[in-house]
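Have a look at the structure that comes next, please.
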Amino acid sequence: MPASDHRPASLIPGGAVFPHRHLTGIEGLEPHEIAFLLDEAENWIAANRERGVPDKRLAGLTQINAFFENSTRTLLSFEIAGKRLGADVVNMHAAQSSVKKGETLIDTAMTLNAMRADVIVIRHMSSGAVRLIADKVDCPVLNAGDGRHEHPTQALLDALTIRRRRGTIHNQRVVICGDVLHSRVARSNILALTALAAEVRVCAPSTLMPPAIERMGVTPFTDFDAALDGADVVMMLRLQTERMSGGYVPSSREYHLRYGLTLERLARAKPDALVMHPGPMNRGVEIDSNVADHAERSAITEQVEMGVAVRMACLDVLTRRARRVEGWA
Amino acid sequence: MPASDHRPASLIPGGAVFPHRHLTGIEGLEPHEIAFLLDEAENWIAANRERGVPDKRLAGLTQINAFFENSTRTLLSFEIAGKRLGADVVNMHAAQSSVKKGETLIDTAMTLNAMRADVIVIRHMSSGAVRLIADKVDCPVLNAGDGRHEHPTQALLDALTIRRRRGTIHNQRVVICGDVLHSRVARSNILALTALAAEVRVCAPSTLMPPAIERMGVTPFTDFDAALDGADVVMMLRLQTERMSGGYVPSSREYHLRYGLTLERLARAKPDALVMHPGPMNRGVEIDSNVADHAERSAITEQVEMGVAVRMACLDVLTRRARRVEGWA
Amino acid sequence: MPASDHRPASLIPGGAVFPHRHLTGIEGLEPHEIAFLLDEAENWIAANRERGVPDKRLAGLTQINAFFENSTRTLLSFEIAGKRLGADVVNMHAAQSSVKKGETLIDTAMTLNAMRADVIVIRHMSSGAVRLIADKVDCPVLNAGDGRHEHPTQALLDALTIRRRRGTIHNQRVVICGDVLHSRVARSNILALTALAAEVRVCAPSTLMPPAIERMGVTPFTDFDAALDGADVVMMLRLQTERMSGGYVPSSREYHLRYGLTLERLARAKPDALVMHPGPMNRGVEIDSNVADHAERSAITEQVEMGVAVRMACLDVLTRRARRVEGWA
């Protein structure tokens, strides 16, 4: 582990505990609670790389992944995380779901709850749907992305990647570029990175920039070149195809010209700046291949690896109360 | 467990054994065999609630869930049941299936059999398809719903819910209301409840009432208010959307007016009558929200919980012969 | 095990080891390496039949089944194989996949790799896609069928079935009949069977016969009756529906007339000739029901059983290096 600004969990003021029953968002988490989850995730990185005797601490627990919106990476990551910890993992796909038969979201939640799930991971197309479900069930709920609201484990894995690669998050100049308006990834990242005292800049065409974004403690840019100046981290967002055809962006070629990350443009950032992308990438649109594949600068596949570790940490921490393990308030 | 009319399994005349290789329906089961499965399920309720050391008695066994018809709740319930018991659970979805390539049902059955499944759970849109498969394979087959024929685990979980909440099934006045004609849930429930000596009334518009239903030992009603008189249990069936547009029912508003369960209407039943629904519900059509969510009267989420317990019991009992465990004829 | 021409693995010249990191095809395997995999599979047949104490040697390992093309049998077979060995098995379906969002195949591969998969099983519609992925990841890759290229585990299970039923593969006259041109099953079988010194005949309408197929060491026939003369094994290929409507074949009735395996036609083969089919079958098109279901001659369901055993062997052997178990170069 590189030198870092975080102390062992037990020394963190406020205690190495996590008092929240659910993880519906980064909002509401204290900086030491975010750091605690990152510390917990650190433990799983080595375990995943070395793969010694499996640690099946969730054996006997039922994890339901209720995905109302399609997903490959996030679902796969949560499924692998749960199975590595020994949980009985069950996927509920929206396509097969009672939702199609007109069942209300609350009824679906009550059903999952009645089956005695020990943890429910939810992705939903509506902002706030996860919170709604969390209020109705007896077990911890983990938000795997809800509408334009939050995607907390993505923000945690991004923070972990930055902390490991840059040594610290404190005072790092992080540029988040792309469709900030519709992105739950951007929102959760802004919340996590500002909480951990990074200097966050957001960059987007004015049509894709949320109004009054300054109130979140970030500096908005419409000029990507200006935003990149002296950056430690450049975090590119995926340009959803529906934006390209939705009048937000003239064309993907135009977008690439103004907001695509090229090697030339990257030269405006610090010489050792880190390049990140939550994936899946549109190569040649928001990011060039020689940047995405850059051996020293790109942390894109590392982000995926951190994702599994972060999700193992969250699943472990959130089920501690039920397992009567310390680390909970 | 509340006071009840069932005796410990070992005292049941005929012995605490289950001589059937498959569970394709309630038809053909003796009353003491139904009671035996309910008794077995009781054991799993506490286990699921307390979640101590996992009981992985099906470890090493392969359970294939072959679902030729979409399902969320039932599939999820069987998957959770199997995984809690330690089975290797594999789902076969019709959408991905060779069936689409024109393979016959028997060939599909032979294939699952050749893979050495230890138990096969089948849902199929055709009545009798499960029996057809059961005849061709070497392992126990569990019917998870076939056409308009049977859905035996639903009837068992409903019977268990009634027995626990009302103390007994004997002489209970149970009203089953809705699309009795097309409902395998109604059919299996009628078979189970009459076997256990309940007084069963069925209520439906005449277009949705099976001819000569009296022969099944039940009393038919077209007037819901009359049917509800003095009821101990009101079991509402889901109104399938296709019925509404199929000429069976003038409109969902009309249906609600005549056959929707409202608080006012429920007042005709006994003061402590139980409300049940197999889910997913059409709130405002066959059942009002204040009835569905009634704290004392509604047993709807409890039914879901009983579902997992009943399926664990069935999976356990049916695989005993292969595991050389007692409890089999 | 019947008398056979294979010696115990430890006596095979060249050693009982498997030096290949991946299994992308039969091409490139030495005859003793093929025999080694068959020997390993033999062990699992009895284990699957008897089902004693489960052998969970892959416990703690993550197996990702990345299926970019629909499949029921093969996916089910690999899933059961992995779960029986105790692996954490995760399915990635193309339908839910980032591929749909325009992600490149290499990026998908890098993602699976970053999640620290221990073995990846891939089916893809493009010939060579599996090799492409294999080159990019750190873990063993198993080809579950790629385009018209190869389907090595199918060839291994077919070879195992022949070896067990006929005692040997050496000098057996095997007729492969059907759409040889588009069939990866035919290609892998030709490579495996010629490597093991069978006499292989291929039979197809001239529109479905690959040019210069003789170079693969087989004899081409367009007359099925002539091809069948003195055959030990008749391996029928599935006639894809798209071929029937694609101008390759006048009609399925016409096809059946010239290339369908009937009892009359089978009489031209040896009296104890074996009938095989990779499934799913088009009964009445490439094969008659009384042939497919022939108690003594048909080995079709046995093939399915061998499939699970072969896949268990491949998963075991390919992960030995990671598990530091002998049997690897």
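Letters are used for the chains, namely A, B and C, taken in the order the chains are written, and counting of residues starts over at 1 for each.
Here, a residue touches a chain if its C-beta (ideal position, glycine included) is under 8 Å from a C-beta of that chain, and two chains touch if they have at least 3 such contacts.
Note that the coordinates shown come from a computational prediction; the quantities given were computed from them, not determined experimentally.
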For chain C, the least number of touch steps when starting out from chain A: 1
Copy pair chain B, chain C: interface residue numbering same or different (half cut): different
Intercentroid distance (Cα basis), chain C paired with chain B, Å: 41
Touching two or more other chains - residue numbers and ranges from chain C: none
Chain A contact footprint on chain C (complex, rising order): 59-62, 64, 88, 90, 92, 96-98, 101-104, 107-108, 110-116, 118, 322
Chain A to chain C touching residues, read off their complex: 48-49, 51, 53-54, 70-73, 75-77, 79-80, 83-84, 93, 241, 279-283, 301-305, 307-308
